[in-house]
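Same chain, two partners: chain A is paired with chain B first, then with chain C.
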Partner chain A sequence: MAESRSCDEVLKAAFPSIVQKDEVQKEFSHFLVSKDLLPAITRYLHTQPGLHGRLTLLWAVDNRPTRNTYGLHYLFTLEPSHRWMLLSAELAGNDRLFPSITPHIHAAQWYEREIRDMFGLIPQGHPDLRRLVRHEHWPKGTHPLKKDFLWDHVLGRQQGEHHFRRIEGEGVFEVPVGPIHAGIIEPGHFRFSVAGEPIMQLELHHFWTHRGVEKLFEQQTLTAAVPLAERVSGDTTIGHSLAYCQAVESLLHLEVPRRGRYLRSLFLELERLHNHLGDVGAICNDTAYALPHAHCSRMKEQIMQLNDRLTGSRFLRGVTRVGGVAIDLTAAQLAEIVAEMDRIEQDFSELESIIAHNASLIDRLETTGVLTERTAWDHAVVGVVGRASGLDQDLRRDRPFAAYDELPVKVVNYRYGDVRARMRVRMDEIHESMRLVREVRLKIPQGPVAGEPSRVAQTGEWALSAVEGWRGEILYMVTAGENGTIQRCKVRDPSFVNWPAIQWAVIGNIIPDFPLINKSFNLSYAGNDL
Partner chain B sequence: MFRILKKSLKTGVVTGRHPPAIQPSEPPAPEVRKKASAFNRSLAIREVDTGSCNACEMEMNALTNPVYDVERFGIHIAASPRHADALVVTGPVTVNMERALKDVYKQTPDPKLVIALGDCAINCGAFKGSYAVTGPVDRHIPVDVRIPGCPPRPADILKALTDIQERP
Partner chain C sequence: MSPIIQSLLLVTAQVIVLLTVSPFLVGLIRKVKARFQCRQGASVFQPYADIAKLFRKQPVISTTTSWIFPATPYILFASTLSAGLLVPTFISQTPLNFSGNIIALVYLLALGTFFLILAGLDAGSAFGGMGSSREAIVASLTEPAMILSIFAIALTAGSTNLSTIVHKTALLEGIATDPSPHLMALAALFIVALAETGRVPVDNPATHLELTMIHEAMVLEYSGRYLALIEWAAGLKLAVFLSLIANVFAPWGIATTLAPTAMGIGLLVYAVKIAGLAVLIGVLECMFAKLRLFRVTDLLGVAFILALLGLLFFYILRS
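What follows is the complex of A and B.
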């Protein structure tokens, strides 16, 4: 605590004009700043050695109906202490310009373009002002998250073409891939510039699956929106619903019973397990090594069938609810889970030694798709990808949620940032998750699994929550509206920050390795596009 | 080598080790079966995601794992719509994917089947009414078979796909 206070003092000493808000939540410091100071302060936070701030979330709010302003919020994680620091600025009245921080903080680039598309606010000085979420055929002036834009508005269509960055020269070719790919995966467009086989440049053109999730949240009530959160990214059902529920619970001042928190951790680890098992197999499969893929997808299927037996849903849907969990497990069911974990761990360990002894596989994975620690840091990369590139961060340890304050997690960390490191992170996390599942069974207390809300949230109150899903940190910011409605819900899947980093990891690699690199990131399109 | 053999022998055959289909899906219409009879129980499928949450994709992927092993029924996943007999469409058809879906439909050679997989593809599911959604799928292209569920279990998908292949 003393350390975090001193961070606040350092910032206040450097910028005397900023105002600290004290009444808000204790977990982070909140400062009000004028918009002109934003670039200077954010740069200071980002580069000052003692602070070392990582841009964690950047979001805008349309406050015009009540206060005639737009709010801009910049959330930083100060890496040494893992403390959050929030900077808020307001754009008054008709002011639609705000200074871009992208020239100093690379991680802000997509956030600022997203704000421009969704709110029509223009980041001045942003080096790339092409459209991001709205494809070029969307009519001019459609900014869906403005309060005067109807959620069921029928969009027109205009002529327009997306302009890719071009590399010109002798022997340079462009290879377009997508939006419909060869495998059973989601839509996205990749534009490669190649000279021979090595990739000189990759540009992403995503947001094909943009479904208007954040606007749909605004049509829901706080307690009824859990099914929508589960469907933000289907493979992260528990991660997203848990992050959403935690935000609502802190709005409602609702304490989750201890047994409920343990069960939440248990289900989150089950989700991590089936996804990691599938990924390890899929990485091997993309080097045409089909045997581990067959074994891994068999084990993944075992866990999904276990999920189905326990909860009636292979994806654990309908498990999380505001206040706790909807399903309690008996002692016999917990024993069944642990027995299944023991079988799969034995099975997986045998497979691991087969994989580790395959020299041609390891040769293919090593030094492929290297994401250096510096690039990862500049992009504020999170989750598995970050931990494979030497960024030592895991919310389960750094900001414990659910039952992780009582279940210490050993964080896996590798430095090389290549495909092999990302696979190793997943393999080690599989063992760690199984250990956690066993520990949950030993430590889980008796008692209720869910609490009931006793209070309604005041209009304009807001809360932030963060969950370490299997991909990385999932963030939700929920603002309450009148009568238990949602005024604004900002969703951030880890894919949104990790996608731009892939553009750097592929440079110099050959095109046939791209599917492998992409698989080792395994990012969600739906969670990114919202 | 010994390790691999030992592993395979120890694991044994896992195909078919899954709970039976439970979601009662409607039997396909006679004209659908008639259309499918042209493929002689060999169905090449192209999967198109038009904005799903990726759960339906995961279940389609699960069909190719050793437990469901969809290829034993002559069903295989084609890499291009030009090689496909049937399109499996998931998701509520977003504004951005509308053109791509129509293009894929045009690129698929006739005769072709269109299978709407999951609640989103059938009625837009949780995303109904959003500004960014123009679906459901049958608003844009004719749909022959509907497999409900959010997402449908692989066993249900497998049953629906094999039902289509039965002789009329």
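What follows is the complex of A and C.
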């Protein structure tokens, strides 16, 4: 605590004009900043050795109905202490310009473009002001997250063309891939500039299936929006619903019973397991080595069937609820889970040694798609990808939630940042998750699994919450509206920050290795495009 | 029986054998791979159903293509089948042995590849172009290795006519006692066969990833009967290579006369040999990951050196 206080003091000493807000939330420092100071202060936070701030979330709020302002909020994680620091600025009246911090903090690039598309606020000095979420066929002036935009408004269509960055020269070709792919995957467009086979540049053009999730949240009540959160990214049911529920619980000052918190950890680990198992197999399959794929698919299926037996849903839908979890597990069920873990771990360890001893496979994985620690840090990469590039971060250890304060997690870390490192992180995390599941069974206390809310959130109150999903940090910011409604809900899937990083990881690799690199990142298209 | 009728009958028999056996080989490899992955897998006869289905489907042709695009499947199919008629299958006499030898075989196959490369470029899609350029690399590197390995055999048998080579080997006539040149050439030809037929570790026929494809990328634009012909031709090419390997290196059991019993035994032995080779390919595909694209040249370089060594060994051992 003393350390974090001193961080506040350092910042206040450097920028005397900023105001510290002493709000209810004691878990982070909150400063009010004038918008002109933003670039300088964020740069200071990001580069000052003692602070080492990583841009964690950047969101805007339309406050015009009540205060006639737009709010901008910059959340930083100070790496040495893992403490959050929030900077807030306001755009008053008709002011629609705000200074871009992207020139110094690359990680802000997509956030600022997203804010421009969703709110019509313009980041001045942003190096790339093309549309991101709003494709060019969206009519001019469509900014869905503004309060005066109706949620059921049917959009027209206009002519428009997206301009890709071009590299020109003799022998340089563009290879467009997608948004329709040969495999059963989500839509995404990749534009390669190649000289022969080596990739000179990759540009992503995603956001093909915008569902308006954040707008839909605003039509829901705080306690009823869990099913929506579960469906933000189909493979991350628990991760998203848990992050959402935690934010709502802190708005309602609701304490989750210990047993409920243990069960949340358990289900989160089960979700991590089936996704990581699938990924390890899929990475091998992309090198045409189908044997591990078949076995990993089987193990993944075993876990999904276990999920089904335990909860009635293969994807663990309907498990999380505000206040705790919706279902309790008996001692016999916990024993069944552990028995299944033992069976799978034995098979998986055997498969692991087969994989590790296959020279032809390892040759494909090593040195492929290297994301250096520097690039990963610059883009504030999170989760599995970050841990494979030497970023030592895991919310389960750094900001314990659910039962992780009582279940210490051994964080996996690899330095090389290649496809093999990303696969190794997943393999080690599979073992770690199984260990955690066993530990949950040993330590889980008796008692209720959910609490009931006793308080109604005041209009304008807001809360932040973070969960380490299987892909990485999932963040939710929920602002309460009148009568238990949601005024604003900012959702951030780890895919949103990791997608831009892939553009750097592929440079210099050859085109046939791209699917492998992409698979090793395995990012969500839906979670990215809300 | 007049020689002409006899020759016609042989041609018919060989065509029937090759056409029926080739989808089976593809199905067999898939089945082996499935069983190795603890999967049930589709029936070994699935490729027949696939081809029959494709023949019934309406083909779609891009408006930007030229005559090359619709002509290529027929050229490919015909050239591969003709190449098949130069290779002894169950009988050491090849139907077309009067008109061509090993060199004709190599270039009949190259003709099909050449047109396929053109067709890949024809539709103007990015994937087709990528597949074509990769296929051109692979084809240009397999060709010398293939020619040299076959020459190593031809030298031992004293003829470039496959019929004569097989016949002599089967009857153990005039074969050098040391098998080293043969073994070297066998290894080289096996690698060439994997590369030419688009198998792991050079290409992955089962992939859905357009960016990694070689052969499949070239034919992405094809549909309907055109695709059926191309798939069938790919199966034929596999059958041709497996027959070549089986009969040139281990011709024993092949019918050397036109007696019905000899032909019956020949047919049975042939079926067992190529099925064995197909199973071997299936097993290999389960054991290895695909090579990086630029490592393929190393592998084909190895094939070339092996073939060259086979050739050198022949002269060293003779003197």
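In the analysis below, the second predicted complex is superposed on the first by the 529 of 530 C-alpha atoms of A that agree within 3 Å, B and C clash if a C-alpha of one lies under 4 Å from a C-alpha of the other, contacts with A are read in each partner's own complex, and residues count from 1 in each chain.
Just so it is clear, a contact is a pair of C-beta atoms (placed from the backbone, for glycine too) under 8 Å apart; a residue touches a chain by one contact, two chains touch by 3 or more.
Predicted, not measured: the structure shown is a model, and the values here were computed from it.
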> Is A:Ile303 contacted by the first partner chain B, the second partner chain C, both or neither?
Replying inline: neither
>> Taking the superposition on A as described, I'd like to know which of chain B and chain C A:Met85 touches: first, second, both or neither.
In response: neither
> Where does A:Ala182 make contact in the superposed view: on chain B (first), on chain C (second), on both, or on neither?
Replying inline: both
> Is A:Glu197 in contact with chain B, with chain C, with both, or with neither (first, second, both, neither)?
Replying inline: second
> For A:Asp513, is the partner it touches chain B (first), chain C (second), both, or none of the two (neither)?
Replying inline: second
> Looking at chain A, which partner touches more of its residues: chain C or chain B?
Replying inline: B
> Looking at the overlay, does A:Leu291 come into contact with chain B only (first), chain C only (second), both, or neither?
Replying inline: both
>> Touch test for A:His357: chain B only (first), chain C only (second), both, or neither?
In response: first
> Should A:Phe315 be classified as contacting the first partner (chain B), the second (chain C), both, or neither?
Replying inline: first
> If you lay the two complexes on top of each other, which residues of chain A touch chain B in one and chain C in the other?
Replying inline: 182-183, 291, 294-295, 298
> Which part of chain A faces chain C closely enough to touch in the complex?
Replying inline: 173-177, 181-183, 197, 284, 286-291, 293-295, 298, 358, 360-361, 363-364, 510-516
> In the complex of these two chains, what residues of chain A are touching chain B?
Replying inline: 135, 137-138, 144, 149-155, 179-180, 182-187, 207-213, 215-216, 227-228, 231-235, 237, 278, 291, 294-295, 297-298, 300-301, 304-305, 308, 314-315, 317, 347, 350-351, 353-354, 357, 524-526
> What residues on chain C touch chain A, complex-wise?
Replying inline: 33, 36-39, 126, 129-130, 200-201, 204, 206-212, 285-295
>> Show me the residue ranges of chain B that touch chain A in the complex, using the header's touch definition.
In response: 3-4, 7, 10-11, 14, 18-19, 47-62, 64-68, 77, 79-81, 91-92, 94-97, 99-100, 104, 125-127, 129-133, 150-151, 153
